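Shared between the two complexes below is subunit A, which pairs with subunit B and subunit C, respectively.
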Partner chain A sequence: MTSTPTTTGEPAAQGPTGAFPARGRSGSGRLWRVLVYVSGKLLTAVVSLAAVVVAGFFLFRILPGDPVRAMTEGREVTAQQREELRRQFGLDQPLWQQFLDYCAGLARFDLGTSFQYREPVADLILERLGPTVLLAGTGTVVAALLGLFLGTRAGWRPGGRADRTHTAVALFLWSVPTFWLGLLLIVVLASGRGFVPGLFPTGGMVDPGVSGALDTVLNTAWHLVLPVATMVAVIYAQYLMIMRSSLMDEKGADYLTTARAKGLRDGLVRRRHAVPNALLPTVTLIFLNLGQVVSGVILVETVFSWPGLGQLFYSGLRVPDLGLVQGLFVVFAASVILMNLLADLVYPLLDPRVRP
Partner chain B sequence: MHTHPRPPGTHLRRVAAMSAALLLVGGSTAAPATAGTDDLDTFTIAVTQQVDTFNPFVAQLAVTTNVLGHVYDTLVTVDPETNEPAPALAQEWEAGDDGLTWTFELRDDVVFTDGEPLTADDVVWTLTTIMEDGAAAIASGSYVAGFESVTAEGDHTVVVQLAEPQATMESLAVPIVPRHVWEPILEEEGDAFADYPNEEFPVVGSGPFTLVGHEPGESITLEANPDHWRGAPGFDQVVLRYYSEKDAAVEALRGGEVTFVYELTEAQASSLEGVDGITVNHADGKRFQAFTINPGARTQDGEGFGDGHPALADRTLRQAIVMAIDNDEIVELAHGGQAVAAGGYVPARYGDFHWSPEGEEDFLAFDPDAANAMLDEAGYERGEDGVRVSPDGDRLELRMHVHRDRPANVNAGLILVERLADIGVEVENLTVDPGVLSDALYAAEYDLIFTGWTVNPDPDYVLGIHTCGALPEEPGTMQGDAYFCDEEYDELYAAQLAEYDRPTRAGIIHELQEVLYREAVVNVLAYPNIMEAYRSDQVSDIQIQPDPGGNIWGQDGYWAWWSARPVAAADSGGDGLSTGVLVGVGVVVVVLVAAGAFALVRRRATLEDRE
Partner chain C sequence: MSAPNGRDARAAPGPERATTPVPAGPAALAWRRRRVALAAFARSFARHRAGLVGLAALLAISALALTAPLFVDEAGLSITRAPGDPYEPPSRRYPLGTDNFGRSVLDLVVWGARVSLTVGFLATFVSVALGTVIGVAAGHFASSGGLAGRVVSTVLMRITDWFLVLPTLVLAVALAAVLPRGVGTIILAIGLTVWPPTARLVRAQTLAVEARPYVERARALGGGHAHVMAWHVLPNVMPVVLAQTTLLVATSIIAESTLSFLGMGDPATVSWGGILEAARNAGAISAGIWWYMIPPGLAIAVVALSFTLCGRAVESVLNPRLGEAR
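Up next is the complex of A and B:
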């Protein structure tokens, strides 16, 4: 979270004229700088995590509403029944005691228990992690590939017909509300109107009663089509635009003139020379988004009833199921922090200019 | 134009695109085929609520209590046609002369799904456990709150000893569990009993269905119990499929993926009206929509708290507010006509308990002129801006809390603002999240606030929340929802609870509603209709409750799913055809995708040529 700006900011700050690879400097000095760099990044990550742990506890306690009242709403319960629930959830304890218990739990990697599901939060997360990674991961990969592919075409000839078409379509889809697009796809492609049969399921991941490995895989793939299509349609524009603009930046570079002077065909100049250099900012973006793959795509999961973490978070917020939402918050934030840390550590390997 | 040799890699890409398209369409044709291979008649219900637990001692949410109501039997159920108590596990029951000893005679032909007979011992153990163990009382504690003891006399007689007479003994909707299964679980789990999920499938019960599977966030599967004493259910299985979005569930019904959707909005119901193969069911509501007026919140010790408008302690002002509102207008504009204008507190579907003010009694009927006259007379003078000022000098500027997530409440709120302006009351419309509303209610920091309850066939509980005993012991712990307290009401409440003669009791319940009406703290606006829809090309017959005019989802008892009969297989045999259509469409899609991929690749190639 807090280290996000450093990841994107650093290469820009150093620019093409930044420190050249440390060839020729003393080995021990370099090792020292690497250690300082790595430990700095680690420290930032640890501080961020600590902030997340504290925020995760207090943030959701500011939410209006009382979990016990919300869970018993409309039910014929006695005051004793409410008291029993309060005791079970630990809500009868003073706030500082609840906070200490929560911290002690986290230290043991115990994320607490969900009020409404009555299951350890860690188990719930593991249950839902697979579907979310499958959906968000597939969506991110497809969107990135599509965005890079189309962005390359668009950026190579800015203002050309391909550029105008791809940019316009991508920006149009980017500004379409996810929820609306999802429902539209369901109406057109899933429920069947008039003589058009329903091609895809309206929701869920696997039909009940489907068994056998191959059937399950096919059935899941079939269920995956519409949610992935919705997700890709809405997000691929960001990859396209970044790829496009960074390719445009590279277009005028001297090494491309050199490549052309060697007599290389235009396609080769683009593929072998321009694209690899233009890829760097996009890689950063992919890393940043990978951290969010875990937190899922709440809207897509909700429209398509996908049994993932986003949907779980949504159901927890409505109560509010404090045990569940604070556990999920810590896990989501931690995954973004870890991915950022990873990006910070991997980036110097990809780009010599930012090496410490 | 001259041609180039095709750039390397193009061919590979095309093959990849083709195979991806094939895989995709392959999936789309393979899946319905698998679904069609089982010959089970399945009744699929689209549910929008998550599963809390299948532990019948703990389950709170509508979905799970509904499922458990089909997995376990209860002592007494509710007649599907009349809404009155009807035999279930108990064939007959009677109260002793003192009204404190209740004897239930059980059927002798009830068998759990593991083959063990259900006896009085199971009933005694279930009820005693709820009485003695706080963790086991989370779901059904209110039913046994007045029990002294529960004992067995022989294998088929259960005797319940009460501390005080209670007329609710005929509506004991407590799921009876097999002792031989649950006693070891209770011992083993100890303090963690409430967290026991009861997901050892198949779950042993005696009901008409057996719980056989649960995929979290996806589905719950029930199988028919062919040996049930009431007779085998019509469908082989009932599947509850989770939809997080109701509009998607409606589309699933349209496409035939699910058999039944419930709790529809007026817009969703009317979009399904007239669709081939779908029947929309409009039922009389179980719920009332109301707003309450803060009469000056206080604790049981009489200590005032909160910041309600001081003038609202005056009954005349509260009555004038009620008279300014036209319940028929609320029905037409806020519910699109899909509701019944309210009379008393108990909805119209509960024939003998329902009360509606008639003639002389109806002195709070819509009449803004009379309301204005009343306020003028009571000394509420209009200020220069048309807003009245109370005799104590407080401007009549009231906050109104409305549930943001209930469209009918939002609409009704807008109407209330206008109508109250007609009598010189200014309303600040606070349309808020349910949590914010609940916080305002319990802190008594409100003036007008929306509420609503689903009323059970026995209205005892929703009447009980307006006794003085339901006032908070300290701020924030209120049992009721209105800070209402009235001596006459309390006496009537106690009298109805001790009255075992139904007509006499119904008379007292009418009087209770009269008091609520007169005091104008709890003001009922409408009874919203229940709207639900099912595939009439899959279901030929289904029992509603009450009959006529009743609902399918959320019945008291397991009538709907148990009674539902599948349409004869010959009529519905569209499976082969639809698979054929799907394959055909699949082929078309393959061709289109291939053509698209080809065009893309071509275009790419020519782009390079145009160098």
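Up next is the complex of A and C:
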């Protein structure tokens, strides 16, 4: 699930908020402004996290009426067993008491117990964090590099052949559902039916029986190819469109005319002058789009049986194991908010124009 | 971003203005202006080849979905009364083969268009309505309404940003998981999660409209908040909303297929995502039954792409600055 890669975004949404006009930079005044900026960002992040915690609690408590009924749907359960479950999950307590217990648990990184695995949710998440970070990290880096590179090509000559080709391909790949692309790659490149032999594994992360550090790394990389390809195909379009429109915004700038007037060649003007400036607003958007990376990871892991958080989420949905889904909801949302906070704090270091 | 609006098109005197007689009253004048504006819009849209292709594809697919009962026998879509044998490869009788129950894949895909398009449109409607209301309110109260207004506006935008950052799929899936199964739940889950970009866009446009003199005039004449928002701001943000709506339908259709694929859909209804979920659960992927899994996915891609092309064409007609580049 991705959001539309449209170029009409509100400009304020693109740069980090709270950009200060460059005023006199006296020592103590500047320190004060930095403090105000940082504490403002921290406060926003804390409020967002609190909202996630509250949403995570009430979404899974209030709406279905009774989580135990949802959990035991389609099973033969006596009223007594149901009572037992209710007590076990603390559901016989008043709602505010449950909420306090839940918050206290979160503070200790206790996300409750998985109904399906009979294990603490936090342990399950820690176990599977590594594979997800590997997949999402590789996918994001490759997609961002590819998208920025092609976006530069497309945006430098809008309407040219490179622009039309890259935009068309990106739009088509963006329109394709992530999971279907993954299934297609499995059928064509991994199932070993038809003309193409099974070049890549159909799923998993490491084959059983592979040992030794080098072999494990190579085997993992081999398993990583198709999942990463799927993720990149779906998310690079956004980076391409963002970079393209960012570069198009820079194109009319005076400093580029100056650079050309100096007699610099076109490629040099683009690489040394236009791209570095166009790159800056793009950085924030890459972080803002991390939510979509999470969505992509869930689907890719589901399709390729990658043993990470996305597959855990899917397995929680199938049961349904609402405790697990709730824990993952909080973790996914919190990690995206923290990454955005990081982007907000790092961005002024990269771009002197918005430095407080 | 220059403000996309319908005023430029309306102000341009068309040939009609010179030839037709002076209309009787303000209502007639307004209608003639609207007609001229619409004609100008249609002419500009026709210049975008990709947009026309998308529009044609959409019309064809919509017609197919609407008339599906004429040439698809709904009884043949039931698992128990499937006409063919399981996994028949494509033949003259079943142009796209059969699924694991012996149902015609072509019939399934044609029938699935009905649910997928309906969900796409309704979810878009929910999210566009939500995004427009929140965006107009946030934009309007930011510029008028005093301190209380600014607080309301800030709170609305904070909420929007919060939803914008959260992973859409996680939120939609969580909603779909806790609500009772059904098409209505899917529509609600998508509608409640994909609105933030619309709200941001509408807010930006509202701020631009609020700065215009006629809004000041309306306020000076005693127009209240509701009056200004409904009669002066809303009509002028509608063009932006239109472009966004077209793009959102594509998002919603992909979202619908994704939720169905994750098993959040209603098993009793046939939708494109549902077909793909069934194909995967039946093991058609590892068995290489390509005719079961390629058509529904291709259908999603084609429809989503058509809506995107249309939306981008509408967008660049309304915002000529983008237009040159496309």
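FYI, the second predicted complex is superposed on the first by the 281 of 356 C-alpha atoms of A that agree within 3 Å, B and C clash if a C-alpha of one lies under 4 Å from a C-alpha of the other, contacts with A are read in each partner's own complex, and residues count from 1 in each chain.
Methods note: contacts are C-beta pairs under 8 Å (C-beta built on N, C-alpha and C of every residue); 3 or more make two chains touch, one makes a residue touch a chain.
Not measured: the values here are computed from a predicted model.
Enquirer: For A:288, using the defined touch cut-off, is the partner it touches subunit B, subunit C, both, or neither? Pick first, second, both or neither.
Expert: The second partner, subunit C, only.
Enquirer: One more residue to check, A:103. First (subunit B), second (subunit C), both or neither?
Expert: Neither: A:103 stays clear of subunit B and subunit C.
Enquirer: Using the superposition on chain A described above, determine whether A:48 touches subunit B (first), subunit C (second), both, or neither.
Expert: The second partner, subunit C, only.
Enquirer: State whether A:180 touches subunit B only (first), subunit C only (second), both chains, or neither.
Expert: A:180 contacts subunit C only, not subunit B.
Enquirer: Of the two partner chains, subunit B (first) and subunit C (second), which one does A:204 touch, if any: first, second, both, or neither?
Expert: first
Enquirer: Go through the superposed model and pick first if A:191 touches only subunit B, second if only subunit C, both, or neither.
Expert: both
Enquirer: Kindly classify A:35 by the partners it touches after superposition: subunit B alone (first), subunit C alone (second), both, or neither?
Expert: neither
Enquirer: Classify the contacts of A:126 with the two partner chains as first (subunit B alone), second (subunit C alone), both, or neither.
Expert: So A:126 meets neither subunit B nor subunit C here.
Enquirer: Is A:218 touching the first partner subunit B, the second partner subunit C, both, or neither of them?
Expert: first
Enquirer: State which residues of subunit A lie in both footprints, the one left by subunit B and the one left by subunit C.
Expert: Common interface on subunit A, subunit B vs subunit C: 63-64, 70, 183, 186-187, 191, 202, 302-303, 314, 320.
Enquirer: Which subunit C residues qualify as touching subunit A in the complex?
Expert: Answer in residue numbers: 1, 4, 158, 162, 164-175, 177-179, 194, 197, 200-201, 203-204, 240, 243-244, 247-248, 250-251, 254-255, 257-258, 261-264, 273, 276, 279-280, 285-288, 290, 293-294, 296-297, 300-302, 304-305, 308-309, 311-312, 315, 319, 322, 324-326.
Enquirer: Show which residues of subunit A lie in contact with subunit C when the two form their complex.
Expert: Subunit A reaches subunit C through residues 1-4, 6-13, 44, 47-48, 51-52, 59-60, 63-64, 70, 158-159, 163, 167, 171-172, 174-181, 183-184, 186-187, 191, 193-194, 202, 248, 288, 291-292, 294-295, 298-299, 302-303, 313-314, 317-318, 320, 322, 325-326, 328-329, 332-333, 336-337, 340.
Enquirer: For subunit A, which residues count as touching subunit B in their complex?
Expert: 63-66, 69-81, 84-85, 88, 113, 116-119, 124, 127-128, 131, 153, 162, 183, 186-187, 190-192, 197-210, 215, 218-219, 221-222, 225, 265-267, 301-305, 307-308, 311-312, 314-315, 320
Enquirer: For subunit B, which residues are in contact with subunit A within the complex?
Expert: Where subunit B meets subunit A, its residues are 7, 23-24, 26-28, 30-31, 34-35, 38, 50-53, 55, 58, 60-61, 134-135, 137-138, 141-142, 145, 194-195, 197, 213, 215-219, 221, 239, 241-245, 247-249, 251-252, 254-257, 433-436, 438-439, 442, 453-454, 456, 461-462, 477, 479, 578, 581-582, 585, 589, 604, 607-608, 611.
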